[in-house]
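Okay, so subunit A shows up in both of these, paired with subunit B first and subunit C after.
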Partner chain A sequence: MMMQRANILMPVAIEATFQSQPQRGMATLKAISIRLKSVKNIQKITQSMKMVSAAKYSRAERDLKAARPYGVGAQQFFEKTEIQSEDKTEPKKLLIAMTSDRGLCGAVHTGVARYIRNELAKDDSQTKLFCVGDKSRSILSRTYGKNILMVANEVGRLPPTFLDASKIAHEVLKTGYDFTEGQIVYNKFKSVVSYQLSTLPVYNAPTVEKSEKLALYDSLDSEIVQSYLEYSLASLIFYTMKEGACSEQSSRMTAMDNASKNAGEMIEKLTLTFNRTRQAVITRELIEIISGAAALN
Partner chain B sequence: MTNAWRAAGLTYIQYSNICARVVRQSLKANLRNDAAKRNETHVKFTPWANGKPARRATEEA
Partner chain C sequence: MSFVRNARYLMGRSIHNIQKRGFADEMKLTFAAANQTFYDQSEVRQIDVPSFSGSFGILAKHVPTLAVLKPGVVQVIENDGKTSKYFVSSGSITVNEDSSVQVLAEEAHKVEDIDVSEAKQLLSQYQSQLNSASSEEAKAEAAIAIECAEALVRAAE
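Moving on, here comes the complex of A and B:
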């Protein structure tokens, strides 16, 4: 997938046309040098993008370490109470897609979108989408535009803050769509070179209150449960945003590294073709001059 | 038992964010600058209906 991205930047097809051209005449020399220059520029761009994302990545990873407890803590509650959505007859689902506005980062966004598309392919009548980031919107709006409830953009330019997350959580709660089971779809960061598509469950208050193991927790009334669920939604969103941002930057680093490598390969090949063509032109001119001189004698 | 902020129509998220903002504002000057960065948000929302954006992006505190 990353390689595909890189190939969009530098279409390999161009090479083929150049290999067949040298016989056609002098103009190719100029054409090759123009192409060479543009590929060199692309390489410069991808290299600097790599540097930028490397710096952003190290910051995102540091942030993620601090944000992990938010997510783990919030998940613990759901695991301990063993909540399950009981209302199987008419489940109203909500999928929250955690992506960002920025592209050129391998398959992080397409992975999220593909998971959601597969979910929607099963049953799209009772499922709504909350897209965080323009990328998931642009991928999903064509086929499942009717399922989109809300789009949040301006995500990914700056590292996500808790305030961003709480605003998103607030919008999720106030959309008026009363979901019985929700899922946050995000990329979980594993290492610099890998991330994994994961989901986190989200429940609404009635489902939580029906759970039998809720008695594990002392003195809970519906007020506290509601407040806690609101807060835990914000925490989970914050956590998944951080995971997503970190995966995105690491993936962009790899993607840009590959793109620079591909550009390097192209530059090598083009330089070779350029030199060969130049040599051929010189040789031809020499032949013309020598044969002209020989004819005069 | 209903809390005053709940009765005023706030969610816990809004309530806790207001508290957080007050705490940040009451920090000493050298710490406040750092904390102020955490008090920013740029996310914009666009509600969708029937496969189209329903109205322009709204900015809300």
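Moving on, here comes the complex of A and C:
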């Protein structure tokens, strides 16, 4: 289907270039002015996108500041008990990709997808994916479509809430895929100009219960551990969503700033070419008139 | 002269040591909700939390434990004796070996900020929702909401 359409398009495109070739002067002038206009429009769009994402970014950063202690607190238990999955013989992995639906934000989503692709390249038989956001799905579905367990849409338009996170956590637990090793792949926000691809481990109840240090903890039954883990999964997802959203907005801001700058450069060059061509056209017309007049004398 | 200075130096050091020893007995509390953070690794004297296995107070050197928060009031007593009360909807409590405590709530607000009449209105709204609920799932959801709203009213009063 795609091939067919491409075949039809090709001759038209060639024809168009042939047509524009012999006519110079006025026609190129027109073409340049159209081009100039479109670039100017694009610059306007990128500029306003930058403004929008700057506003969204400041909010995301504020949210993230409030959510950081929360996320760090949620990780404390796992760090202090030094849990490690013992079942190395047949690990069933789950990777949760934290991206969003929106593009035009630099390498935020591709970074996450690249990490996952590298992981899958090692061994894709025992690994499943949970894609949060359409971008990771669209990047990964072509090569690793069969590994995708589930996709969460409508991420990124609004700031993430705890409700979103608990919905995702609920779906992760509901899929019935008994993973032994889980990982949340997300972008950790560092500053306006930088973020770092990071991972957070996720554990299931049997792994936690086998952990040595858990014996130190008092009055635990499996029900408490289970609900504790469910809640902490939601908290971790919430925290990583906040980190991801903030990185995305900051990265979009930078990307749009760069795009506006590039468009500005292009406008400068095009204006120069436009003026040169305009002058050339005037000169040529003058020459034509003068030489015409001279021929009459 | 130098003897006096030495004595003062030693005294200063011993005071410092005592303070340091006291430091280990204190617990660090992280009390955060999805909407805001109340305490970030700050030292407090005592925390009372409602959990599904019963309400309990946490002092320094509490035995490590995990618990699930129940809708209710978390009371934090700071080192200077100042007491603050917060309403929490749900969440988790972690007490670690090193006396660090993490109370993570889904939603938490200061008790002073709760409007009693609003809370009561919410409760009656959920009660009617329970009566009109048709499926099991909707009933369970409404029951949870009522439990939370009841705790909210109790906290506000």
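Heads up, the rule we're going with is that the second predicted complex is superposed on the first by the 271 of 297 C-alpha atoms of A that agree within 3 Å, B and C clash if a C-alpha of one lies under 4 Å from a C-alpha of the other, contacts with A are read in each partner's own complex, and residues count from 1 in each chain.
By definition in this document, contacts are C-beta pairs under 8 Å (C-beta built on N, C-alpha and C of every residue); 3 or more make two chains touch, one makes a residue touch a chain.
None of the values given here were measured: they were computed from a predicted structure.
Peer 1: Looking at A:K146, would you say it contacts subunit B, subunit C, both, or neither? Reply first, second, both or neither.
Peer 2: first
Peer 1: Please determine whether it is subunit B or subunit C that touches the greater number of subunit A residues.
Peer 2: Residues of subunit A touched, subunit B against subunit C: more for B.
Peer 1: Just checking: does A:D164 make contact with subunit B only, subunit C only, both, or neither of them? Give me first, second, both or neither.
Peer 2: In the superposed model, A:D164 contacts subunit B only, not subunit C.
Peer 1: With the two structures laid over each other on chain A, which partner does A:E154 touch: subunit B (first), subunit C (second), both, or neither?
Peer 2: In the superposition, A:E154 touches subunit B alone.
Peer 1: Does subunit B (first) or subunit C (second) touch A:Y70, or do both, or does neither?
Peer 2: In the superposed model, A:Y70 contacts subunit C only, not subunit B.
Peer 1: Between subunit B (first) and subunit C (second), which does A:L173 come into contact with in this model arrangement: first, second, both, or neither?
Peer 2: The answer is first: A:L173 touches subunit B but not subunit C.
Peer 1: Counting contacts the way the document defines them, which residues of subunit A are shared by the two interfaces, the one with subunit B and the one with subunit C?
Peer 2: Overlap of subunit B and subunit C footprints on subunit A: residues 161-162, 166, 227-228, 231.
Peer 1: Taking the touch rule as given, give the residues of subunit A at its contact with subunit B in the complex, in rising order.
Peer 2: 141, 145-146, 148-155, 157-158, 161-164, 166-171, 173-175, 221, 223, 226-228, 230-231, 233-234
Peer 1: Residues of subunit A touching subunit C in their complex?
Peer 2: On the subunit A side, the touching residues are 66-70, 72-74, 76-77, 80, 161-162, 166, 213, 216-220, 224-225, 227-228, 231-232, 235, 238.
Peer 1: Under the stated contact criterion, what part of subunit C meets subunit A in this complex?
Peer 2: By the definition above, subunit C touches subunit A via 30, 32-37, 40-41, 52-53, 63-68, 90-92, 94, 96-98, 100, 102, 104, 106-107.
Peer 1: Which part of subunit B faces subunit A closely enough to touch in the complex?
Peer 2: Residue list for subunit B touching subunit A: 1-3, 6, 11-14, 16-17, 20, 37-48, 50-53, 57, 60.
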